[in-house]
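Mind having a look at this structure? Questions to follow.
For reference, chains read A, B, C, D, E and F in written order, and residue numbers begin at 1 within each chain.
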Amino acid sequence: MTTTTHRRRIEVLADEPLIPVIIRLAAEAGIIHYTLLPTLGGAGAHGRWRDDQLSGATAKVMFLAVTGPEHADAFIDRLAPLLESHHLMLMSSDVEVVRSRKFD
Amino acid sequence: MTTTTHRRRIEVLADEPLIPVIIRLAAEAGIIHYTLLPTLGGAGAHGRWRDDQLSGATAKVMFLAVTGPEHADAFIDRLAPLLESHHLMLMSSDVEVVRSRKFD
Amino acid sequence: MTTTTHRRRIEVLADEPLIPVIIRLAAEAGIIHYTLLPTLGGAGAHGRWRDDQLSGATAKVMFLAVTGPEHADAFIDRLAPLLESHHLMLMSSDVEVVRSRKFD
Amino acid sequence: MALDALLQPVVLFFLLGALAAFARSDLAIPEAVAKGISLYLMMSIGLRGGGEVAETGFTHDMLLAGGAGLALSFLLPLPAFWLLRTAGKLDRTNAAAVAAHYGSVSVVTFATGSEILRHAGMAPAGFMVAVLAVMETPAIITGLLLARAQGKDSLAPRGGLLHETFLNGSVILLLGSFLIGLVAGKGGMAPIAPVFDVPFRGMLCIFLLDMGLIAARRLMDRRALTVRTAALALLLPLLNGTLGVVLGVELGLDAGSSAALGILAGSASYIAVPAVMRLALPAADPGLYLGMSLAVTFPFNLTIGIGYYGWVAAHVWPLIRG
Amino acid sequence: MALDALLQPVVLFFLLGALAAFARSDLAIPEAVAKGISLYLMMSIGLRGGGEVAETGFTHDMLLAGGAGLALSFLLPLPAFWLLRTAGKLDRTNAAAVAAHYGSVSVVTFATGSEILRHAGMAPAGFMVAVLAVMETPAIITGLLLARAQGKDSLAPRGGLLHETFLNGSVILLLGSFLIGLVAGKGGMAPIAPVFDVPFRGMLCIFLLDMGLIAARRLMDRRALTVRTAALALLLPLLNGTLGVVLGVELGLDAGSSAALGILAGSASYIAVPAVMRLALPAADPGLYLGMSLAVTFPFNLTIGIGYYGWVAAHVWPLIRG
Amino acid sequence: MALDALLQPVVLFFLLGALAAFARSDLAIPEAVAKGISLYLMMSIGLRGGGEVAETGFTHDMLLAGGAGLALSFLLPLPAFWLLRTAGKLDRTNAAAVAAHYGSVSVVTFATGSEILRHAGMAPAGFMVAVLAVMETPAIITGLLLARAQGKDSLAPRGGLLHETFLNGSVILLLGSFLIGLVAGKGGMAPIAPVFDVPFRGMLCIFLLDMGLIAARRLMDRRALTVRTAALALLLPLLNGTLGVVLGVELGLDAGSSAALGILAGSASYIAVPAVMRLALPAADPGLYLGMSLAVTFPFNLTIGIGYYGWVAAHVWPLIRG
């Protein structure tokens, strides 16, 4: 049987113009591998939205990174103060991966 | 270190025309914040599908909500009887969030 | 309260032209129900990418399947040797589902 | 007319799409583009119809055709329902859902049919677009009554369903564009004709390529279709279409408009009705109603039905009447 | 001119979209298509403007209009900021973000206005496209200075912001297309006119249908809008627009170009500026600035503003001056 | 011809896209729209080629050019493979994958080249579209043989690969449209020309803007490209293109068609071949083959190659032969 290793899956939902900032903060926390996923719409404390690409200012993108606990914590620490002001949503959960070295 | 809190991540895959119904049921269970994600295709007991937007009747959307255990259970109870008849897929898993108050 | 059962959630990120291969390998491992999700871009050991659909050769798709532990292990065993050569990312995590029979 | 019609690029592109899908090619039109073209076709059909009615004014024929369309859409689901229950062996809910599709209309079948009729010198009157718009929704109401949808099965409140039905995007767009065409008249249409008139036929080619791909892929996935339901998907357009043509001729419409009424009666919806049915009758199988309307009836009408309705309107029924 | 303008298909499609959204119809244009059309409109506007300037050459009027546009874009945010702070009761950050939107311009308002002016025999000069391009970004700089954005609030480095501003996709595309039109001239434009010139008005119809949907949905979601801010979203275009027209006439521009300068001054950005503000002033509420510019000011300009600016340019101000 | 060609809007839009990407602007064409235009271009090229052949009938020249194209596509990967292995220092798999790209063709290079040649009074014959279609796939077979792809490396069954190759969406669409153009003839083409003929050049502008963005972004990400492979990405089109032109002239084709054969031989695939290679040779690096074909060879051909092949066909080789 293939051995799998425990890692953290961090997901951050952010407005499209902020994604480069998220990528930079992740890199500063040592996370350089990531995947971006599209969204269609939603609702939160700041109201409803739909992905109208017209200005792109309120279209949201999901940033996904699988990483080890230290990097994950460093990233969350960096993001925490921005969550409220930048209307972000952050989720952290557990995953198993193969080739653990790739996800440190 | 930033404190994170345990919450439930509920995901429901449903045909696009049914999404307003899912949103209503979630609201009735106390879940008013959610995010909608697009899909491309899939296969299940009711056959294969691809996202042809032509009629939209068989294009599917993923509804995602992070919430506390009571709301989650209430939502699942409401959805359970519909899963089979409405061709839904429901998943529930654990996540950690910052700012726990936002995800009650 | 609705009873939920423990299952495995397997996600595989792969280049679009390889998706039929992933579906075939999953079927060989007994997994015939799945959902495909779109992506926008990302970065990994093999560089950055964006979903330019021009050739489709480097656009990536997320394959998602919820299944029981045996099928999950069989699938991971089949995929493991390909992860590096085919630039795949595999994640496995825990979910709860209703109607356990559907997710064996 | 028949073979000539079959060899026109619009139909050939449909066949190309179908062949590519049967051969399991990966050819695909991005869905956003296909959806965009489908909205374009509705705007264009509406505007041109409205522009023509602005020219001719409201006529007696228009009233007659509108009344006939309304009646057909309300009533055609009844015999269809009976056939689907008896010959098709469908349960009440599925039979009602399918019947609603056959009472309603297919915008693209109408568009292709109009082009083919025009090419054969039998252009339908501009007001037939209004008839098209009128026929989209009544069948849904009949279908829901047949299914007794008010039962506890459905999650959607009664008001919500009527709302869904009459404010369905395609219905709004078609009617709205028709009204804009009516207000704008020939003069207002001229500067937008390079988008909404001239390229219509070419855009239809691209759309039909996609329809060929979708219809054939549905047919290959034909889990939900039985021999019985597939046969009914060929019989229903023939019956409904013939009825439409005969009614048109009897009401004194010109041959082109009678053929168009036949096309409308004979065609089955695959845009407005499925979206409402998925919500109103979730227990009905979308594989079944989309399989029948999109994968069988649509190709049948495109390749054979349109030519047949035109032939009946121009030759057969006038002959029978003497 | 006013009612006639209102009854043109471009405006009617905007109203159709708004009505559909208010009635909660599910009508929607795929976002990729809407974005594609918006890029098309910018390419087309740029190319046509550049092509015209290639004909007429650089003139004194062009320099004057460019200077006026530059000054307006830099300065209009100042009184707007003051009004938003006092009458609007907004905090510094939100007032600065909104003020930047009103100093900048709306490409589609300009495009629709040009078509309506052309239709009324008051076509603005080709170089007004260059003025449009010039006016997009300076207001952003003023807005950021007003917000003292260099504070620790923002994550984006200073250089990054100017970069974002001047290399914003829409700015690049408009300016680049203008330059290509200039290089290509009438000769080079001829073979691409069937795409970039002839269908312009029709494409605008499709885009305005989408704008109607988006604007009305924003208005219904008007969580962020108060009576005060909504009133300012009507007042600001009137003030800025009148100023623009008067400046144009005083500088000796023809009536059409003066009206166009009014349209530019009176319009508010909803493409380039929001994207930069979301990054530069994340604490400002996008619901507020998009609500004001897109859901109130845009429809106001489309239905009333354009006609009013044209009327002032052609009749009122010339009369006042004697 | 060279400078004049460079200053045409089609090429200028490519440069605009490239500049925007190099300046790290966020300008982007929605992928669904770009893909839609790419499908449009193939339909249009196919239809127009087929329509022309329907006029001229099958000629001796057509047969010769088809045979030459077939031979070139099968054989050009051989010297390319050798150069990539020796001068490029690539391993067998990567060298084979890249070689297949250079034996196959780029539809958009051909389309742009045809427009530029037409503009210079050297329009290639209609049947060159058939040659284009014929040249897309043979190189894939040679490439797979060179890689000994039948090894255990690949997951795809042998039959699946041939299937993938010949039923690749772009191959089907090009060939299918060519056949439809052939069946429809000039008469059938007329009503769809407003979509498939007239706007072609303008659509190409939009597509090349996107190509500029994509090519430049790939070049900036040039992780996989070395100086050696980049140099080969300039050398291979020159060698292959010259060979194609000379072969064309020697076979007695007119100068325009000879230049077109050169363009086909000199261009490298970035649509059909990468999709097959990703499946057939997953160990080959897509960053390498797309980097070479899309980020180096494509811009080279667009700006220099096309002009050079035309010059050799019209002046150099005829002179050498005397």
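Just so we're on the same page, contacts are C-beta pairs under 8 Å (C-beta built on N, C-alpha and C of every residue); 3 or more make two chains touch, one makes a residue touch a chain.
Since we're looking at a predicted model, the values are computed, not measured.
Chains touching both subunit A and subunit F: C, E. Because subunit A and subunit B share one sequence, their contact can be compared position by position; here under half of the interface residue numbers appear on both sides. In this assembly, the C-alpha centroid of subunit D lies 41 Å from the C-alpha centroid of subunit E. The distance from the centre of subunit A to the centre of subunit E, each centre being the mean of the chain's C-alpha atoms, comes to 34 Å. Counting partner chains per residue, subunit C has residues 37-38, 53, 93-94 touching two or more of them. Among the residues of subunit E, those touching two or more other chains are numbered 30-33, 35, 275. Put simply, subunit A touches subunit B in their complex at residues 13, 37-45, 60, 62, 73, 76-77, 79-80, 83-84, 89-94.
Touching subunit F in their complex are the following residues of subunit E: 30-33, 35-36, 39-40, 43, 47, 163-164, 167-169, 172-173, 176-177, 180, 183-184, 188-189, 191-196, 275. Within the complex formed with subunit F, the subunit C residues making contact are 15, 17-18, 21, 24-25, 46-48, 50-58, 82, 85-87. Remark: subunit E residues 7-9, 12-13, 16, 19-20, 23-33, 198-199, 201-203, 205-206, 209 touch subunit D in the complex.
Residues 31-32, 34-35, 38, 153, 155-156, 210-211, 214, 217, 221, 223-224, 270-271, 274-279, 282-283, 285-287, 290, 294 of subunit F are the ones that touch subunit C when the two sit in their complex.
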